[in-house]
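Given below, in the form of structure tokens, are the structures.
Look for chain A in each of the two complexes below; its partner is chain B in the first and chain C in the second.
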Partner chain A sequence: MTHDASVRKDSGGNAVPAGDRTFWGRVANWGPYQAFSALLTASPRRQFLILAAFPILWLLTQHLGPMLQMLRVSLTDAYPVAPGTQQEFTLENYMRFFGDRIFWMPFFRTLTFAAVFTFCTLIITYPVAYFLARHVSRRNQMLMLLLLLVPFWVGEIVRTYAIMILLGNTGAVNLVLKWLGLIDRPIPFMYTSFSMGVGIVYLTALYMLLPLYSALEKLPQSMNEAAADLGAGAWTRFRRISLPMTIEGISSGCTLVFLISTGFYATPVLLGGPSTTVFAETIAGFFHVAGDEWPTGAAFAVIMFAAALLITGVFQKLMNMLRKGDTK
Partner chain B sequence: MTKLLMNRRRFIGTTALAGAAVASPAYLRRAAAQGSGEVNIWTYNDFVPESFKEQFESETGIKVNVRLVDDQGKQFNLLAAEQPNPTVDIMTVAGHRFLQFINSELLAPLDTDRLSNWGNINPTFSESDWATINGEKWGAPILSGMEVLSYNTELVSQEEAMTWDTLFSEEYAGQTAYIIQDMMSIVMLMMGYDGNMVEYMDDPEKAAAIVEEAKQFLIEKKPLVRKYYDSGAEVQQMFVNQDIALGHSWNGPAAALINDGFPLGMTIPNEGSYGFVYTYNVANNAPNVDNAYTFLDAILASPEIGAAMTKASGFISTYKDASNYLTDLEKKSTSFPEEQLANLQFFRAEANELKYSLVDPAVEAVKAA
Partner chain C sequence: MNHRVELNRGNRIFLACIYWAFVLYVFVPLILMILMGFKDSKFIGFPIRSWTLDWYKGVFSDTDVMFTFGYSVAIAILSTLISVIVGTWIAVLLQGRKFWGRAVTFALMVLPALVPGIISAIAFRIYARMLGIEPGMGAIVWAHAVHNVPFVSLVVMARLSTLPKSQIEAARDLGADPLIAFLRVTLPYLVPAILGASIFCLLLSLDDFVRSFFLGGYEPTLPVLIFAMLRSGMSPEINAIATVALVLTAAIGIWAERFTRRNNKETKV
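Right, the complex of A and B next:
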């Protein structure tokens, strides 16, 4: 039996190309559609614009849009607008921050915590990344990375509760210390800057580890070998070769961790104590309070956002200068 | 190739649908909320017993969508942001917050004629002065709660727990916790003032001075507290983990722990405390009003349902005869001796504007100190 798959005959006995059989085939061969397609793809510039349209639209509506909306709310005197009232623009919400010192403490506390925790994360994850990139065989690197990723398969809250289970008065750490006879009464780890720090370092470690691993992995082994041949010790090799050549990874990791740390809310709420109130909690307070407090919360969020960006901008500049200084 | 084309088309179609959903304006969200057989409820954890929900859904065909909330302010802001086209039908407002919701036109008056089971509510709650505003009823009382001093009975004696001073004593330094906003009212009461601030409505300067005094007290006592917390689940966890020995809490979460066999006690201390009543309310412009009334009438139908709500949440039922369906332990955990109840007064709403304009910044100051 033979079957001609490419040609079919219409009711008048005329041959119809296979492409015209389906609805989409007919659309594709429809004159206006073809003219429209030709118009859209007439030049590489147009093709680029069409390709870029969706990502740009996504960025505008999903990323920039909410931030612009927050900025707009921060400049109003009331939101949501109560029935029968009129919304007016004002800078009062920003003035409230600069005019009332009680808000400065959580603000600067947040920036200090973020800087300290970023540094701790760097100190803790650098050796891990170094070991992974330089001492684990290529074959096992992916497996090790996968193992490090396992905790990130669950959400932030679940991981925070894991820390609570670990550090609580009846948690694993206290039980082990008690079992070893090192303590009689549990050490109150929880609800302190320590427990909060442990939580934040744990939650942000991967954001530091991956850029560091990426930078260390590119480091040629031959450079270390050459330095060793010339008599450089391990510390000198690290200080003169590994560290300067991974500045880019350090810079990326620190920026990511710092920015994320300034915005953490659930972790400080769950792990922090009375003396660790961070700015995100202050901001959240304005959104929880029933009344016209959203604009103040939005203004405070904008202030924190701007401060975090400014600090990371200065940090990046410094790292760039360091890098250039090293390559001279 | 055909397969690839189909996948691409499907992808484009799915993306377009997802994009449309994300970008959907309020009227589309409302249309989604307005499903023919649904009722959308914002409420606290365990306030809709699971067994009742399943039975109601199977008997009426109305699907119950519960969105959990943990704060009155959040409900207010969410609803205010959604009005005049809210997605919620029934919400859970505490009686002393009625005025704020009513003044902002967020609640619809409750048509009690549509509730054949309205009479099942204890009149102490359904007919009390706070329940009627502008000549209308605004909510169906379901559970009653109070601010109590909870304590681990293995570490703290009942005698010690009969005064709020123990919460601020050096002996229990680092072993206490409280909700700071609620404690402001209690501290004012401890100092002999009116924590509702109704007495000072005509004297804002005195009100400000009292709040300042309470604020300074809490700042001074800050080194002694282990944790300022927000939700009932947090304080339960702290007791279970033995992170705290005593704390201020709502009676519901404390009773739930007692019913689970945890060595916990609770008192209404001698200096006094405040009580409140949770009510189910119909939102203004609710998308499924008829379903909302069907749900309300069903949940008020029998004292067993009230008892189930008490068992799950630990708060005291407002239903007549609900206690007949509680075990002895459950009865014990949801009742207080007469002499302690005499120390209790209800939160009032009249001076809320004055009160919270002073208390909210004070709370921030204590946290920041």
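Right, the complex of A and C next:
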């Protein structure tokens, strides 16, 4: 009741119509709200500060914080610190990496695998994206893209398991090969770099497909037609138009897939074998045992992240140079 | 001219074959995995000679497994709520506003999405220890929430960029203060993007293994449970659990896709 009274009295103050009896009208004319609003929006500067304070705080403490803390722990000699002892800063955790073959072998193996799998993903998905973007009507495009999206909503573990069933000794592939009379004994696909590759390409294909698709979709059809009129064959058109024009899509797809591939843990554990141990397993090993190995694990994670960023950074620079060289 | 059309058709057929082969590659493993859950034998492998529903009966009468389902869904919902609020807030700050350090803020915003899985999990594990968060539900919710924020922000920013400025100006001219203008004009306009992003966050959280594995306590989430069972050997029981999980996520995804498409149509009209 008191609200109603205040609405009427307030008619001259704000630009809100006097007779506004809607919910929002009442809120806008309610005394405490007006005081609150005036406090928030006294000046554009204050308005911005109030808007920005929480996001900046969140980004610093939640997004940057974990990475910085990992870096800090990687430089200490013990974590968590035992009571009564002094925590000291050291580079020894990083030295350990170079000291032992069982540490740097998985590291280089991971980077090599990630590069090879990224390339395979690119080769496999490019024609698919090309077909969708260039040869399918707009109506069907969404449906056919959706068809590919559905399996990618299914989780990492379930899809990895599906690959285990596909490639096992009594799996579907071996069954078909045997039935065709091509083999007598099953081929041991599982627990090799091959099964791991099939699994990782299966998991990452979408992250390549979508950037490629959106790059190819933007490509004007008229360019291809003009080139065809000038006598360029399909291969020339692809090499001279589609490929250079989609370098940006290729570059972002490859970056994404490379970063994701280096971070897989469960898939290499389930699909790989002793000869394909990746660095993620090495890092995880330091966190399964008692806490005093954490600094080493953190250092290895930092090495891995720095290497992955360096490689993708250089790769993007190269692709950029390639693109600029082409348009000149 | 005819020759060119002919060539184009050849190309087209060739590419269509590649597309359908890719569809097979994507679907066949999952279909085989589902079929195996109906096999009347403890031994995983082809061919399947007799069929049964016993594995499913087992899953639905196993209270531990059903609890794990509920646990995973609860984590997904809680983490999504946090991600959506924080992600939207960051998006409103970043979109269409010029300020000192905007590029750095944007880079920080996308950081969790770019850090490779294992490194992200390790960093969260160490940070949780520092903050005194015990491994368990709270830690997983927190890690999922932080990890999913960039996806919300990016989707909401894309939608915000298409909001006509004149609408906000009109609201301000009619006397709405910035807060009411935001609540009555901007926020309703963002609803489809926010809902789409929430569904995506739910799926990311339900599917996440590596963060749940490193931050979980004794109670496993669904992917962690399947992983643990797989390490001790394959069995059709795992297929049944995995299939239920698959149906759950695919249903959420398809529903979201239909929902966003219907919404897009409405906004176009």
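The rule is short, and it goes like this: the second predicted complex is superposed on the first by the 260 of 328 C-alpha atoms of A that agree within 3 Å, B and C clash if a C-alpha of one lies under 4 Å from a C-alpha of the other, contacts with A are read in each partner's own complex, and residues count from 1 in each chain.
Basically, a contact is a pair of C-beta atoms (placed from the backbone, for glycine too) under 8 Å apart; a residue touches a chain by one contact, two chains touch by 3 or more.
Just so it is clear, the structure is predicted and the values come from calculations on it, not from any experiment.
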Applying the document's definition of touch, where does A:Leu51 land relative to chain B and chain C: first, second, both, or neither? second
Which partner, chain B or chain C, touches more chain A residues: C
Could you look at A:Ser37 and tell me whether it touches chain B, chain C, both or neither (first, second, both, neither)? second
Which of the two partners, first being chain B and second being chain C, lies in contact with A:Gly99: first, second, both, or neither? neither
Once the shared chain is lined up, is A:Gly171 touching chain B (first), chain C (second), both, or neither of them? both
Figure out whether A:Trp24 sits in contact with chain B (first) or chain C (second), or with both, or with neither. both
Going by the contact rule set out at the top, does A:Gly181 touch chain B (first), chain C (second), both, or neither? neither
After overlaying the two complexes on chain A, where does the chain B footprint on chain A coincide with the chain C footprint? 24, 54, 62, 80, 164, 168-171, 269-270, 287, 294
Okay, in this complex, where on chain A does chain B touch? 24, 54, 61-62, 80, 82-83, 100, 102-106, 164, 168-171, 186, 188, 190-191, 269-270, 273-275, 277, 281-282, 285, 287-291, 293-294
In the complex of these two chains, what residues of chain C are touching chain A? 4, 7-8, 11-12, 15-16, 18-19, 22-23, 25-30, 32-33, 36, 43-47, 86, 89-90, 92-93, 97, 99, 105, 108-109, 111-112, 114-127, 129-130, 146, 149, 174-180, 184, 203, 206-210, 213-214, 222-223, 226-227, 230-231, 234, 238-239, 242, 245-246, 249-250, 252-254, 257, 261
Using the touch definition up top, name the residues of chain A that touch chain C in the complex. 14-16, 24, 27-28, 37, 40-41, 47-48, 51-52, 54-56, 58-60, 62-67, 69-70, 73, 79-80, 124-125, 127-128, 130-132, 135, 142, 144, 146-159, 161-166, 168-172, 175, 202, 205, 228, 233-234, 259-260, 262-266, 269-270, 280, 283-284, 287, 294, 297-298, 301, 304-305, 308
So in the complex, the part of chain B that touches chain A is made up of which residues? 5, 9, 15, 22-23, 71-74, 76-77, 80-81, 83, 97, 100, 104-105, 174, 222, 225-228, 230, 234, 237, 241-243, 356, 360-361, 363-365, 367-369
